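Note that the chains are named A, B, C and D in the order they appear, and that numbering of residues resets to 1 at the start of each chain.
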Amino acid sequence: MVPLTWYLVVAAVLFCIGVFGALARRNAVAVLMSIELMLNAVNINLVAFWRYLEPDKIVGQAFAAFVFIVAAAGTAVGLALIISVYRSRDTVDMENVDLMKW
Amino acid sequence: MTTLQVMFILLGSITLAGGLYTVTARNLFHGALGLIVALAGVAALYALLEASFLAAAQVAIYIGAIAIMIIFAVMLTRGVMGAYPVKDLWSLAVSSIGTVLLLAVLLVTLFRFNWPQTTPAAVPADSIAQLGKALVDPNLYVLPFEVASVLLVAALIGSAYIARDKK
Amino acid sequence: MLHDFAFVGVFFLVAIALAGGPLILAWLIRPAKPNPIKSSTYECGVETFGDAWVQFKVQYYVYGLVFVVFDIETIFLFPWAVAYSQLPLFAVLEMVLFILILTGALVYAWRKGDLEWV
Amino acid sequence: MNVVNDPFTWAGNVIAQWLGGFLPPVGVDVTMMVLRAGVLGVFALVMFMVMTWIERKGVARIQDRIGPNRAGPFGLLQPIADGVKALTKEDITPDHVDRVVFNAAPILSSVAAMIVFAAIPFGPGLIGADMNIGIFYILAVGGLGIIAILMAGWSSNNKYALLGAFRVVAQLVSYEIPHVLSIVAVVMLAGSMSMITIVEKQPVWFLFVLPVSALIVLFSGMAEIGRSPFDLLDAESEIIAGHHIEYSGMKFALFFLGEYVHAFAVSCIVAALFLGGWRGPNIFGLTVPYLWFFIKAILVFNVMVWARGTLPRLRIDHLMAFNWKFLVPLSLVNLIVVAVADRLAQAGGLAAGTWPWALVMLVFNLAMLVVALALVGWAGQRARRAAEPREMPEVETHDEAHDAEHAPIAAGAH
């Protein structure tokens, strides 16, 4: 049997990859993809906890399913914003989108 | 080392490699394909955890819907064959140091905690039906479940409004 | 259960081999005489102009949006459908409510003309 | 008798026993898995050839032609000749393509179609993997083909390919919704997503219990594999073959393979979900489940061929309207009606899976269908009446007539 910690390590590394992408990339779509990675890392944790700690209760699976919803809603709105910004400002570079900065 | 462990290491490294490629690829479309590989790897990890329903849902939702939307956005925002630079070296250094620090903190916490070492109980045969019942059970998730549908409708109305051509 | 998924994994690899095999075989035996005309981008024989990027309609994206909403709906419908025969009546009605709320999304998109192909 | 009733399990046992003589249990297990996967995959490839032959013969008969008749008896060897041709054809890779993605796309396209067969129940116990998510697995994996289309469209670096990919993907994802929603109704009545259980729960075929679902699954299934009359995928006359414009030789053949294998998979799904799968009367005391399944799947495929030979190609706006304004609302209503009707029938003391129960469901379904068609008729009349006094511009009406004239010719041009 695979130890629980292995899953947690993979999830932690995946989460950090996502954090790095969100911080280092300039392209808004790339940042959104990094956020998807982070959400997936969280989901791995939820499912691993469900499997190893309480397989007879359904909590972990239900939470993971709700994360799916939030991820989908977030992506939909995020991409709509990106497309809208691209159409009005002709860029998807996060550095240039500073309308709300000051 | 058992077969399961070998499988886990294989799938875990595929997932992480896909993720790493996603955030480092210069070409955004290739990055999106890396994301798909990572998502498929996560689905395989779910299957390894015997969460069969979530594994299929991961493929159907993330790869079948969200990844397609992302690729649409890549193409709509002039992503065709374009190279996208990362930020300047200074902020690159800062973000990598920050990430490594975060990872160190996470791993240290993770290994200091005393996780139960026992072999987990078997997954009940009707776990999918259980999930279905829990979602409409007033004592469990019926409220978040109905709120989720409202959230989805709100997301659709909002994003359709934002993205629509305004004449 | 794990055994079944292992089979799916094996089948995936075998399918890649079955699809890639002919490709490699064809690569070995087919002729290869490229010339600039052959390997130019095909546009019905007319000289290619501009790059492949043309302005695409946001329409495609809006269809994608409606699709995502309903695709998510289905992942919740499936476990419910599996449990359907064991559920009390009010649980069935809760799911009907869920479907009706999401139908609101369809009605909105319809009324706003997002479903028209223009 | 067992050899005839279930030759595959029998052969599997024989081979496993022989392997067990000199391999450890794990080795036997892995070898058997690879063997089963290989047999299933090769079966899919052979079915690809059979499907192309049936389709060409069928369409030819509809169009009063003979069809392939040179290679072998009845042209049976024609698919092999086609295969040899595809193998030996020069394969042109244009200069500006993204090579890795360009080559991976056809492979992914055919792989996505092939691995669906892992969960198709050819007989009791005769299934690649009887997962508890069977049908959901099929739906999820089938969606991978969409990624392949996007990869092909993007990597070709050709505006027609990209445009075609966009259009196709918009069509495919749209039709996935009614497809999945109608299958949910089946899962509801079967109480399981396992394909084996779904077939076992059909003493009365679901075709009679859920006729509306069956029709929607068939239509949307045809749309999802991009078959005529939904074949905007390769609308040669409009977007010059869409995303496979730059593909030639074996790579094009792989896309073609994906399309036909997927078509057969959809036929199998319809046969398993609605036509009682492997159920059928005994022949001379033999049950031959796999034979019944095969006959049913081929019959469904013939319906598709029939539709292709008969109907002109839909215009893309009509195609989208048909989906979003008819199929999706209908499948949502269908889901609710099925849930309510089943509860009512069970409350009336009719046990699920019996003919009286099926009759009640059938009546509800037909009533729903009649109301839906009446609504469509009413909406159509209103639209026509609204359009008449305004005098449509001359150009547009002319265009429509033009399209309608040429579509059948284009559709039969393969």
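General observations
Simple rule for what comes next: a contact is a pair of C-beta atoms (placed from the backbone, for glycine too) under 8 Å apart; a residue touches a chain by one contact, two chains touch by 3 or more.
Predicted, not measured: the structure shown is a model, and the values here were computed from it.
By number of C-beta pairs in contact, A-B leads over the other of A-C and A-B. With centres taken as mean C-alpha coordinates, the chain found closest to the middle of all protein C-alpha atoms is C.
Note: centroid distance chain A to chain C, computed from Cα atoms, is 21 Å. Chain A and chain B have centres, each the mean of its CA atoms, that are 6 Å apart. Here the CA centre of chain B is 18 Å from the CA centre of chain C. Between the CA-based centres of chain A and chain D the separation comes to 33 Å, rounded to the whole angstrom. Residue positions of chain D touching 2 or more other chains, listed in rising order: 131-132, 136-137, 157, 162, 166, 169, 173, 176, 193. The multi-chain contact residues of chain A, meaning those touching 2 or more other chains, are 65, 68-69, 72, 75-76, 79-80, 83.
Of all residues in chain C, those that touch two or more other chains are 1, 5-6, 8, 51-53, 56, 58, 60-61, 64-69, 71-72, 74-76, 78, 81-82, 84, 86, 95, 109.
Chain pairs that touch one another are A-B, A-C, B-C, B-D, C-D. On chain C, the positions that touch chain D within their shared complex are 1, 3-8, 10-16, 18-20, 22-23, 25-27, 29-34, 36, 38-44, 50-54, 56, 59-60, 63-64, 66-67, 70-71, 74, 77-78, 81-82, 84-86, 89, 92, 95-96, 99, 103, 106, 109-110, 115-118. Of all residues in chain C, those touching chain A in their complex are 58, 61, 65, 68-69, 71-72, 75-76.
Every residue of chain D that touches chain B in the complex is listed here, in rising order: 26, 98, 101, 131-133, 136-137, 139-141, 143-144, 146-147, 150-151, 154, 157, 162, 166, 169, 173, 176, 193. Remark: chain B residues 3, 29-30, 33, 36, 52-53, 55-57, 59-60, 63-65, 67-68, 71-72, 75, 80-81, 125, 128 touch chain D in the complex.
Chain contact summary for the complex, chain A toward chain B: residues 1-10, 12-21, 23-27, 29-30, 32-34, 36-37, 40, 43-44, 47-48, 50-53, 55-56, 58, 61-62, 64-66, 68-77, 79-84, 86, 92, 95.
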